[in-house]
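Everything on this sheet refers to the single structure shown next.
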Amino acid sequence: QEDAPVVAAASDLQFAIEEIAARFTEETGMSVRLSLGSTGNFARQIRAGAPFQIFMAADEQFILDLHRDGIVPTEGTLYGIGRIGVMVPHDGPLAADGRLDSLAAALEAGTLGRFAIANPEHAPYGLRAKEALQHRGLWEGVQPHLVLGENVSQAAQFALSGNADGGIIAHSLALAPQIAAQGEFALIPEEWHQPLRQRMVLLEGAGEVAEAFYAYILTPAAREIMDRYGFSLPAGG
Amino acid sequence: MALDVDLRAQAPIPLDLGFRVAPGEIMALVGPSGSGKTTILRAIAGLWRPEAGRVAVGAEVWLDSARRRWLPPHRRRTGLVFQNYALFPHMTALGNVMAAMDDPTPDGAARILGLVNLGGMDARRPAELSGGQQQRVALARALARRPLALLLDEPFSAVDRATRVRLHEEVLALRAHLSMPVLLVTHDLSEAERLADRIAVIEQGRIVAEGAAHAILSDAAALRVLGLEDAISILPALVAAHLPGGLTRLEGPTGPLLVPALALPAGARVQLRVRSADVLLSRSPVTGLSSPTVLAARIEALTPGQGALLVRLRAGASVISCRLPLSGAQVLGLSPGEAVHAVLTDPVVTELPG
Amino acid sequence: MALDVDLRAQAPIPLDLGFRVAPGEIMALVGPSGSGKTTILRAIAGLWRPEAGRVAVGAEVWLDSARRRWLPPHRRRTGLVFQNYALFPHMTALGNVMAAMDDPTPDGAARILGLVNLGGMDARRPAELSGGQQQRVALARALARRPLALLLDEPFSAVDRATRVRLHEEVLALRAHLSMPVLLVTHDLSEAERLADRIAVIEQGRIVAEGAAHAILSDAAALRVLGLEDAISILPALVAAHLPGGLTRLEGPTGPLLVPALALPAGARVQLRVRSADVLLSRSPVTGLSSPTVLAARIEALTPGQGALLVRLRAGASVISCRLPLSGAQVLGLSPGEAVHAVLTDPVVTELPG
Amino acid sequence: MDWTALGLSLRLAGWTVALLLPVSVLVGRLLAYRRFAGKGVVEALVMLPLVLPPTVFGFYLLLAFGRGAPFGDLWQGLVGRPLVFSFEGLVLASVIFNLPFAIQPAQRGFQAIPPEVREAAACCGMSPLRALWHIELPLAWPGVMTAMVLTFAHTLGEFGIVLMVGGSIPGETKTIAISIYDRVQAFDNRGAGIMSAVLVAISLAAITLTYALSARVGRRLG
Amino acid sequence: MDWTALGLSLRLAGWTVALLLPVSVLVGRLLAYRRFAGKGVVEALVMLPLVLPPTVFGFYLLLAFGRGAPFGDLWQGLVGRPLVFSFEGLVLASVIFNLPFAIQPAQRGFQAIPPEVREAAACCGMSPLRALWHIELPLAWPGVMTAMVLTFAHTLGEFGIVLMVGGSIPGETKTIAISIYDRVQAFDNRGAGIMSAVLVAISLAAITLTYALSARVGRRLG
């Protein structure tokens, strides 16, 4: 365990990656250690020499930048496209409605309370949420109501704690049973925002186990889990 | 108002005593180190709570364990000089005094500091004062409160003789003026003698002797508790007449007494204090000696003491203690019942109030 | 080894003095409150650094501002009793004493506590001790260090008379035994008289009088600084013979002197101390008085004092101060140059070392 | 430079110190002088807000202050607006979180006063309140000072709790700490550096000034 | 329950306290007794690690300790492994971050010793070192104690710095604080609750015990 390779994974992968890692250990007898956090933080830590062997980012740009700067050997592989959607607590004032009509109505009526998204300044899911809101023409109006999570997981926290009327969170989180149970979720149309292209990369000095796990994520068994948590992969992507 | 004190405790030291100090009276508590003197003052001030007892000033009851009455220290109007001063370190001398005043004014506080000979030290903090100066600030602070009972725990121990004499006078003046009961803890018997009306000798938390100062100071047993053999006799008298040649004649229970001229009117009540070592005896009448104070007396008792003979004389209604070197007694060949002439070589004459 | 002290400073108080204390000698520092006595001890111990000066014990130089030498306090082997004790509050009495010992053993520390009459208080912390008990722990701690110089700042002020007498004896014994210089700050002149070989009178940071104890105690000017008018005369003498009738004959510069029998061998050197108020004068020879100590003297000077006449007598090579009530002088009609008989009513005879 | 956030942080720190000063004095004094059963446990309890990670602590506050929780609803009923995502909520959270800093050093400050000095105050006729004001406070001042400076500094830098119960609302709950963090996360190192420098400079000045003033206050109270 | 993380946190807190104890005593004593120009500024500087948000502070440590930074490279050259993302790195970060807690209360503790007691120690022939050990430390103990308990508790709860400098590597730098936060993030409230409860219980016990023991230590040193 002590020398099992460390996988740095964006927090939207929280549930999917845990399941994949468990399955991996079951099948191969090898194990990895998971470190979940914000993509930006991981990128910075990798620049500072963090001993991760695999980096799974929520936004491929971070990995492309690392590669450009010669910090990671390859451009890595796309492992999924993230989706966002509206999550509202049960019995909340808003309806879970992917086209955000309920949100727009509440705004109009002046009944909207707090609305949670991840911080668009640095959280990939936050930025996509912002784009979607802009696309729907709600960005200006909703701003005074926003509460910002440090990452998408915290945004979900806010959305569901009963202190906000709802929020825009990752599909992957909404699919997790413990979150799904707390509210209703509806996907926002894919075209409303830039795609959340999620890329992973093997870092310099990655060992055999890391390589095996990296490969495993792309196997159908793992893909099935990824799909289940909403990380669809476009055919041939 | 009189101070009534009655204290009983087992811990931290056994204590079992009671006494009363009249208004305007100074009572000295004397006794060996560790006998409980400070503890008594602390109990009166309310800083220590005895297991049982009663403390009252006049009708104001500060402690009555029978009735579960207990007044906290700040509600008791005491002026306490702590043995270790306990000044407020962050305040100046003036600030310390003002802290105890009901209507604090810098002028008032400065006046009290003047009383204890500390004029000009107003702005100094305790750390910038010498030991004796700190002690005097503590005294000034205790006085500033205009207390119902003044509790002085060795208040002059760090003060030089000259200042001490002056402070004695201040305390006496104050006592007469404010007529409050004063409790004075001291190890200096001449201080007790000069200041106190009554003395209580404390030993192991009990009063082993108590009485008028002159009685205690001539009580050999009481003095032995204090490690002293030197008794002091006190003779009351009235000023009778002023004689030519710088003499004053007193009349008292001992018969007429000549003393160096006093600046007191005829009829004034005075008291003579004589150390037992300052009494000389002669079989024949004494004349032509530089000390005029000679009286006729009769030997009541002869007790051999440490390297000396203790002689108890009776002169009229008074008793005079006299300590003679053994040789002196042998030379004279004294025996009880004999008449002698006693020369009082250095009597201290003080006026009595009233 | 002798203690050499020379101190000069402007702040916080002006200080300008120097003195030397021989090994085995006790020098008393007396003076009004705030005159700088504590400051002097602190400078010697290294707790305060004067602007200029020199402090040395024998060849060991602790401070020499000319040579920029300065030894920190813990490297100076002093035993200092602080005026406010400064005990270590977290340690027991025993711990306090052991803290100052080179080879700390509980037995050794307990022995020293016994010396200061504190047997059985070993396990008490300062907060559980009375004022006088704390002061004695401080004394024990200072002694425990086996210092090269013992510095005592009013070390007995909180101690009762009986204990004080005992402590005086301890200090004298120790001084003789260890032969270290001792500096004693005290306000109690009888203490200075009993303990000190020499006295320095401090006023405003200067020595205004310094000399053998008997000289200072009979120096009216010096005493006035201390607020005293009561001079003490000191007469050296040799034990000549023991007479029948409980008397001893002394020979000295004053001629023969009879005193109550002494338990000293013939040839022993002694010294008589007489308070000026304890001298009576007579024109005619005195006999039959209970005090045997009478000597012939000549009047050197007559000075009117406060309500008294101060008489300076010469007897052989010695000078005796005498304070007479004005009346006494008038009765006798004294004038300078006359021969008189002086009765010493209560001389204190002490043996001199050697 | 996000001046709004800095102003908010300073306001937050100011309120926290102002509210904790009496608590620090009263509870610190109580723990210093009173003896009671289980005092050791109380002293340890005072430390607890430190032990939980601020984010986790904040999470529980979010639950406790939030809609549906008794306290949150009570507040909403009384004040008319929710406690979470509001400045008041931050102040409350900050007060709770800073309890250990506020109480412990003050307690030590009170303990350091020699007992006979407090006794002398009583014998001078000072009521406990006057003694507190004129004697105990000036003498315990270094400890209380430490308590307040620690609280002030810690509130400025507090991040996790604010993140959890604040929601990063500009002008309301987006403190300078969050703002700097956002710059860092956005890889705007220069912006973060400037803000950090300003924050550090202001804090340094504020603390130095406080120390200097406190020496005077100590004297004035005397 | 993540026992590995708890063990790691306790180890980290232990090391931090152990390393800061001498610093707290020496620097605290220095600030308490020495007078020098600019002391007020030094005292304020000591407070600074508190003022920056831990995450930001951690970010700068990451820059200072990381690859390419002189200090980080020096360490790597000497020890053979990087300082950041290692337990040693966490300890170092934690030591720096806890300086204010460690120094301030200790300083007050030393200041509370009456000067004449220290003078008496010197007059008893105690060298400064012996006086420190036998007199000053036992008397300043409450302050030093407070410093260490604050440090201990704060290290257990520290999150931001550990996250930044550590990288949350299980068994190496993933402390209990991060582990609890992860549970919270994963909406595993039950897991987070259990871990929080265990952490609180252990801390409570540890602090209570420390207070009790410290009373004894104070006595023993006497």
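In this document, chain identifiers A, B, C, D and E correspond to the written order of the chains, with residue numbering beginning at 1 in each.
Everything below uses one rule, namely that a residue touches a chain if its C-beta (ideal position, glycine included) is under 8 Å from a C-beta of that chain, and two chains touch if they have at least 3 such contacts.
Which chain is which protein? Per UniProt: B, C = Molybdate transport system ATP-binding protein; D, E = Molybdenum transport system permease.
The shown structure was predicted, so the numbers you read here are calculated from the model rather than taken from an experiment.
Undergrad: Touching both subunit A and subunit B: give me those chains, sorted by label.
TA: D
Undergrad: Can you tell me the C-alpha superposition angle of subunit B onto subunit C, nearest 5°?
TA: 180
Undergrad: Which chains touch each other through the most C-beta pairs?
TA: B-C
Undergrad: If you average the CA atoms of subunit A and of subunit C, how far apart do the two points sit, in angstrom?
TA: 92
Undergrad: Please tell me the distance, in whole Å, between the geometric centres of subunit B and subunit E computed from their C-alpha atoms.
TA: Averaging C-alpha atoms per chain gives centres 60 Å apart.
Undergrad: Could you put a whole-Å number on the gap between the CA centroids of subunit A and subunit E?
TA: The separation of the two C-alpha centroids amounts to 36 Å.
Undergrad: Please work out the Cα centroid separation of subunit D and subunit E, and write it as a whole number of Å.
TA: Inter-chain centre distance comes to 20 Å.
Undergrad: Scan subunit A for residues touching two or more other chains and write them down.
TA: 41, 44, 154, 157
Undergrad: Residues touching two or more other chains, restricted to subunit C: which are they?
TA: As it turns out, subunit C has residues touching two or more other chains at 84.
Undergrad: For subunit E, jot down the residues that touch at least 2 other chains.
TA: In subunit E, the residues touching two or more other chains are 59, 114, 184.
Undergrad: Identify every two-chain combination in which the chains touch.
TA: Result for touching pairs of chains: A-D, A-E, B-C, B-D, C-E, D-E.
Undergrad: For subunit E, which residues are in contact with subunit A within the complex?
TA: 59, 62-63, 65-68, 72, 82, 84-85, 163-164, 167-171, 174, 182, 184-188
Undergrad: Under the stated contact criterion, what part of subunit A meets subunit E in this complex?
TA: 1-2, 6, 8, 11, 14-15, 33-37, 41-42, 44-45, 47-52, 151, 153-154, 156-157, 176, 178-179, 182
Undergrad: Taking the complex as given, what residues does subunit B use to touch subunit D?
TA: 45-47, 72-74, 77-80, 82, 84, 86-92, 95, 99-100, 102, 141-142, 145
Undergrad: Of all residues in subunit D, which touch subunit B in the complex?
TA: Of all residues in subunit D, those touching subunit B are 114, 116-117, 119-128, 131, 134-135, 138-139, 218-219, 221-222.
Undergrad: Quick check on the complex: what are the subunit E residues that touch subunit D?
TA: Spelled out, the residues of subunit E in touch with subunit D are 40-41, 43-45, 47-48, 50-57, 59-60, 100-101, 104-105, 107-109, 111-112, 114, 142-143, 146, 149-150, 153-154, 156-160, 177-178, 180-181, 184, 192, 196, 199-200, 203-204, 207-208, 211-212.
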